[in-house]
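Letters are used for the chains, namely A, B, C and D, taken in the order the chains are written, and counting of residues starts over at 1 for each.
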Amino acid sequence: MAMVCLSDFEAYAKKHLPKIAWDFFAAGADDCSTRDENILAYKRIHFRPRMLRDVSVMDIRTKLLGTEISFPVGIAPTGFHQLAWPDGEKSTARAATAMNTCYIASTYSTCTLEEIAAAAPSGIRWFQLYIHRNRAVSKQLVQRAEALGFQGLVLTADLPYTGKRRDDIRNGFRLPPHMKLKNLEGAFEVCKMSPSFHSLWCLDPSVTWNDIYWLRSLTHLPIIIKGILTKEDAELAVRHGVQGIIVSNHGGRQLDGGPATIDALVEVVEAVQGKIEVYLDGGIRKGSDILKALALGAKCVFIGRPALWGLAYKGEEGLQDVLRILQDEFRLSMALAGCARVSHIDRHLVHFSKL
Amino acid sequence: MAMVCLSDFEAYAKKHLPKIAWDFFAAGADDCSTRDENILAYKRIHFRPRMLRDVSVMDIRTKLLGTEISFPVGIAPTGFHQLAWPDGEKSTARAATAMNTCYIASTYSTCTLEEIAAAAPSGIRWFQLYIHRNRAVSKQLVQRAEALGFQGLVLTADLPYTGKRRDDIRNGFRLPPHMKLKNLEGAFEVCKMSPSFHSLWCLDPSVTWNDIYWLRSLTHLPIIIKGILTKEDAELAVRHGVQGIIVSNHGGRQLDGGPATIDALVEVVEAVQGKIEVYLDGGIRKGSDILKALALGAKCVFIGRPALWGLAYKGEEGLQDVLRILQDEFRLSMALAGCARVSHIDRHLVHFSKL
Amino acid sequence: MAMVCLSDFEAYAKKHLPKIAWDFFAAGADDCSTRDENILAYKRIHFRPRMLRDVSVMDIRTKLLGTEISFPVGIAPTGFHQLAWPDGEKSTARAATAMNTCYIASTYSTCTLEEIAAAAPSGIRWFQLYIHRNRAVSKQLVQRAEALGFQGLVLTADLPYTGKRRDDIRNGFRLPPHMKLKNLEGAFEVCKMSPSFHSLWCLDPSVTWNDIYWLRSLTHLPIIIKGILTKEDAELAVRHGVQGIIVSNHGGRQLDGGPATIDALVEVVEAVQGKIEVYLDGGIRKGSDILKALALGAKCVFIGRPALWGLAYKGEEGLQDVLRILQDEFRLSMALAGCARVSHIDRHLVHFSKL
Amino acid sequence: MAMVCLSDFEAYAKKHLPKIAWDFFAAGADDCSTRDENILAYKRIHFRPRMLRDVSVMDIRTKLLGTEISFPVGIAPTGFHQLAWPDGEKSTARAATAMNTCYIASTYSTCTLEEIAAAAPSGIRWFQLYIHRNRAVSKQLVQRAEALGFQGLVLTADLPYTGKRRDDIRNGFRLPPHMKLKNLEGAFEVCKMSPSFHSLWCLDPSVTWNDIYWLRSLTHLPIIIKGILTKEDAELAVRHGVQGIIVSNHGGRQLDGGPATIDALVEVVEAVQGKIEVYLDGGIRKGSDILKALALGAKCVFIGRPALWGLAYKGEEGLQDVLRILQDEFRLSMALAGCARVSHIDRHLVHFSKL
C-alpha cells in the first residue's frame, strides 16, 4: 500500500497497533467532540489563493524562537512512544533531527532525557513539563533537560487532572510491565486509572501563574505555555513573561466541549499582538492545514497523533515519511496559494466560511 | 460491561426494560425533534476554559433555595418509577438522599408520598403538582406534601393536555394492573389514552397565573414553576411571586418544535435578572453539560431519563452510580475549566458556536 | 397498523399505489431540493410557547374570505385523484365537506366539475385554473365553476411549462387509458411528456398580470393567485386587486432551487401588509407545522400529497382520517403553545433558529 | 437506461471507463473538499422566481466577447479527451460546433490544434495555454492557435505546480503509450508523477502578471485569465488589460480548501464592475446552476467533467446530448423564474441561504 497522505499512516497504525495502544493514542475525552472538532474546523476555513506570483523558488523554512527549522512543523509532546515503536522516543528524536525540526519530549517519555539527547545530539529539542506535587522532582527534570541541551521548556497548563477517556477506562489502560516512565522512576508511585475523579501520576493541581516565576528561577530556558485557549489567558501569559504559547486542547483529551484549536488561535493571536510567538497543535493532517494555521497567526504547528502513526509504521523512518509528506504538501499549498516564502503568508489568505 | 458514562446505563435500560416501558420513558412528542435538540444543543456551546488556576481543592456543593446539596444536580419529576424498578420512587428517594441531593417526586408516582417520605426521612424532597379539575384533590396533595416534610412545591405548567407521543399510542400504553397512581387513588377515573385530543387523568387545562395565588394560599412551601421557556413567562413568574423556575420542555414530550432548554435558558436568565433561582432540565448527559448550564445561569439542573436508567440498572444503587458519575464528571470539568468552586463559574466560560 | 400520524399514510400509499402513480405524486423537479426543503424548513423554526393560559375551551375555526371552516387546513389542488382512489375527486369533495373545510378542485381533475359539485353540494369549493392557449376553453371552465357554486378562483401562476420531474420521464408517465382529464375533453390533444422543453397540455406561457383583468371580467368570484414566492410579486398581486395569495412552489415540482414556502411566507406577508389574505401550501405534515405557518402570517394552509395519501388509504374515509389527525394535532399544538383560539396566534410564537 | 440528467452520464462513465481514467477525471486535490464544495454551494443559493411574465418566446442566446453562442454554456479546457473517446478532442470540437457554443481546447489535448480546427472549421474555439519553462514552446503554440482561427487565448493561472490528487498517485497515472500530448511533442520530456513536490510537464512556476504583457506582444487574440478567485486578483486582471476572467478552482484539482467557484464569483464580479466579462467553471450539473451563475454576474459558464462524461457515453453525440439537456433545463429554469431572455436575469433572482 502506498503511503500517500497521513490518513494512510493512521489506517496502518489502527490495523497494526494493539487495540489498547491504538485506543490510548486515539482517545478523546467524553464524547470526543473536541478531538473531532479539531479536524472539522479546518473545513470551515477557506483559502483566498493568489495567482500569478513567482513561486519558482520556494522557501518554507521558519524560525522557532530564533532557531531555524526546515518548515513550520514540529513534534508535539506525547507520551509512551514505546507503545508505538520499540525504540520509542529515541526514534522520534532521530527523525525530527533528520528532518531538521523541533521535537518536544514529554515528561511521560519511555526513554530517559539522556537517551533522547544521545540519540540525536544535534537536534532541536524542547522539554515538556508536568509539575509534580513534589516540586523537587520537577526541578530536577528541568535542570537535567537544560544541562542536556534542550532549548525550550514547555509547561503543560491543561492537565491539573487527567481528562475522562472512556476507552482507556474500559480497557483498564496501563503501560505494559516492560515499559517505564523512565524520567520519573523512583520519584513516586504510579496511580491506577479509575473512572472516578483522581490525579494521575501525582501531578499538582494547585499550579498557578505564579509558578511561572518559580520555573523562571530554575532555568534560563525560554518558557512556553501549552494549553492556552482564551484571550484572557493569552494576556496573562504575556504579562508573566513567557516566550511562547502553544494553543492546544491536548488533542481533545482533556476538557471535552472546548473549541477547536484553529478557532481559538484567532483570539489568542489577537490578544498577544505579536509580543510573543504563538504555536498550535491539534488536527493538523495536511499541508493546507499548516498553511491555514500560519495564515491565522501561528508561527509553527506541532503534530501529535500523526507522529505516533509514523512511528507505528516504521519507527524513525516512518516518522520521517510523515514529516516529508507534510513538508511537500505544505510547500505545494503555499505555491498554489501564491506564497513563495513563509513571510508571504498573511491573514488575507483565509476567510471563515459561515458554514 | 463497565458502566463508564450515562450512555452505558441508557443502553442497559433499553436492552432490559420491557419495550412498552422503554418506549414510554424514551418518548418524545411527534417527531421527537425537541427531545433530540435538548441534547444536540449542548454541542453548539463551547467552553472557554481557563488555565493555571489552583484547582487542588474542589468544592462542588451548591444551595437550592438555601438548602445545601452535594452538587448542582437533582432528580426531575418523572412518573411511574415502578416501571423501572420494583421499589419505584422509594428507591429514588433513598438514592437521592444517599447522594445528598434533591428529589422532586411526581404527582404520578407509583408510591404514596408517605412511602416516599418514610423511605428516606432525612432527604431533600420537593413535590411536583399537576392541578386537578377537582381542586380539592390538588389541595389535599399539597397539604399532605407539606405535612410530610417536602420542602418545595413544583407546579408543572406545560401539560394542560398530554403531548402526542406516537409510540405510546401504537403500544396502547397503560400502567400494568399491579401498579397504581397511588396518590390519586379514589380521586377519579383514569382515562384511556387515544390518538385524539383529550385530557389525561383529568388535569385542568384552565389553569392560569392566578392559580399561583390560590396555591400560595394553601401552603407555606416555596413555589417553583416548571416548564417556562420564554422571557415573557419568566417575567410573569417573577411578578407572581414564585421562588424559582425550571426551564423545561418536559423532555420534549409536550410541544414538539420548541427550543432546547439550554437555548431557552439564556433568555429566561436574562429576564429574571437574578431575582429568583432558575433551574433547567432536559438533555443533561455528562458533567460538562451541567457546567454549561451553570455558566449560562442555571443554579442547578435536574435529570429525568438518566435517573430512570439508573433505577432500571440496579434500583437505588444504580441511580447512585448515575449520580456519582455525573458528580465526578462535573467536578473534573470544573477543574479542567479552571473553576475550583461553583461560584467561579460564570458566563464568560462558554460561547455559542455559530455552527 | 395504527394510523397515528401522516407518515403512516405516506408509508401505506407508497406500499400500495402502483409505482408510476406513487412516483408521479411524490415527484419533485430535478434533484427534489425544494420539495425536501419544504419539510426541512419547519425544523428550523422554533416555538416560543406560552404557559398558564386558560386552554380549557379550544376554538380552532377560522374564516377563508369570510366563509367559516372548521380549522385552517384546506385541500390544495392536485391532479388525477383517480390514480389514488377509484372515485377520485368525488371522494375528495365529500371528505372535505364532511370535515367542513375548503377543497380546491384542479383543472386536471379526473371527474368533471359537475360531478364534484354533485358529490358534496353543500361543500366549500374553489376552482383551480390553468390558462389555456385557447382562452375560450378557460373562459368556459371559469363560468362553469361559478355556475356550479364554486366560491373562489385559484389561478396557478408557476406553471408556464411543466417542471422537469425525472422519475416521470423515466417512467414515461401518462394517465391510464380509462382515466380522462374530464374537464378538458375535446378541448385539445394531450401532449406526451418528453425530457425536452415543452408545454404540457397546451397551457399558455404568455400569461401575465394583465390576464388578471381578463379573469376579473369573466367572473364575480374572488381571485386567488397560487405560486407567489417574493415580495415583489406579492405587491403586484395586491396592486392587481386579487383577493388572496397562496405561497406555493407547487410542492417543489416546478423550479428546483426555490425557497421553502414557509421561508417565502415571511416576505410575502410583510409585503402584503394585511391587505389581502395569504395562504400557504407545501410541507405541512403535522399540526405544529400549521401552527408555525399561522404564526408567520398565513390565514390557512393547504395540503397536497397528504390528501392523496389519505385517498390512497381509504378514499373519502382515509382523507377524513388525515384531516382529523391534523385537526387534533393542531388543536393540541395550539393548547400547548398557550393559544385557545386562532386569533391568539401571533408572530411572537415562533423564532427562526440559526441552525 | 434513459439519459435524463447529467448524473446519468456520470454513472455511465464511472461504469464504463477504465478505473484509472475515471479516477483521473474525477480527481480532486487532497480530501476533495473544494471539488465537492463546487457542487454543494449551489444548494445554498435559492431562487426568488418571478411569476406571470410572458415566457412564451424564449431566447437563451448570449455573446462571448461579441460572438453569439446558442446558450451561455461552453466547454472548459480539460486534457486527454482520448481517455474518454477514441476521437478525443476532434469529437469535442464537432459537438460544440454542432451546438453552436464555444470550446476551449487544452494545451494537453491528445489531438493537435490543427486536427481540432479541421474537425469543425466553423466552430467557436479558444485555446487554453500553460506557459512552458521554454517560452519558445508557448510562443509557437499561441501563434499556431491564432493562425488556425482560434478566437481567444485562455491563460491558466492556478497551476504553477500540479495539485496533489491522491488517486492519481496511487494509480501511478500516466497516459497510455498510444496517446500523446500531441501539441507538445518534441518540445520536452514528460516528467513522471510522484507523491512529492514537482513540476509536471515542465510548466513555468515563475509566471507573473508581467507575462500578460509578453502574451499581448505575441497575439491579437483576446486574453482570458482562468483561475481567479479573489477580488484582489480580479482587480489586477482588469488593470493588466485582459478581456475576461474565468472564476475557476480547476475543478478542485489544485489547492484543496479554496472556495466554491459560485461563492468566489460574487467578489470577483463586484471587483470587476462590469469592465470585463466574467465566466465560471466548476460544479455546473443542472440548468438551474447555470441560471444561478448568471444571476450572480457570470456572462457564461463552462463545463469540464460533464463534457467528458458525454464523450465517454457516445463521443460527439454523447456530448451533444449533455449540452442539449443543459440547454433544455436552462431554458426551462429561466422560464419558471420568469425570464424570457438572458438579459432579464439579474442579482435579485437569487439569495444566499444562511444554511
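Criterion: a contact is a pair of C-beta atoms (placed from the backbone, for glycine too) under 8 Å apart; a residue touches a chain by one contact, two chains touch by 3 or more.
Just so it is clear, the model here is predicted, and its values are computed rather than measured.
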| Hey, how far apart are chain A and chain C in touch steps, shortest way? | 2
| field | For chain B and chain C, chains touching each | value | none
| remark: Residue numbers at the chain C-chain D contact, same meaning over half shared and different meaning under half, come out as different
| said: chain A and chain B share one sequence, so how far apart are they rotationally when you fit their Cα atoms? Give it in degrees, rounded to a multiple of 5. | reply: 90
| request: Report back the single chain whose CA centre is most distant from the CA centre of chain D. | output: B
| request: State, to the nearest whole Å, the distance from the C-alpha centre of chain A to the C-alpha centre of chain D. | output: 42
| remark: Note: chain D sits from chain B at a C-alpha centroid distance in Å of 59
| message | Give me the residue numbers in chain D that touch at least two other chains, ranges are fine. | response | 354-355
| request: Under the touch definition given earlier, write down the residues of chain A that touch chain D in their complex. | output: 2, 4-5, 42-43, 45-56, 58, 286, 288, 292, 324-325, 328-329, 331-333, 335-337, 348, 353-355
| message | Which residues of chain B touch chain C once you look at their complex with the stated criterion? | response | 30-31, 33, 44, 157-158, 160-161, 163-164, 166, 169-170, 195-197, 204-209, 211, 225, 227-230, 232-233, 236, 254-259, 263, 354-355
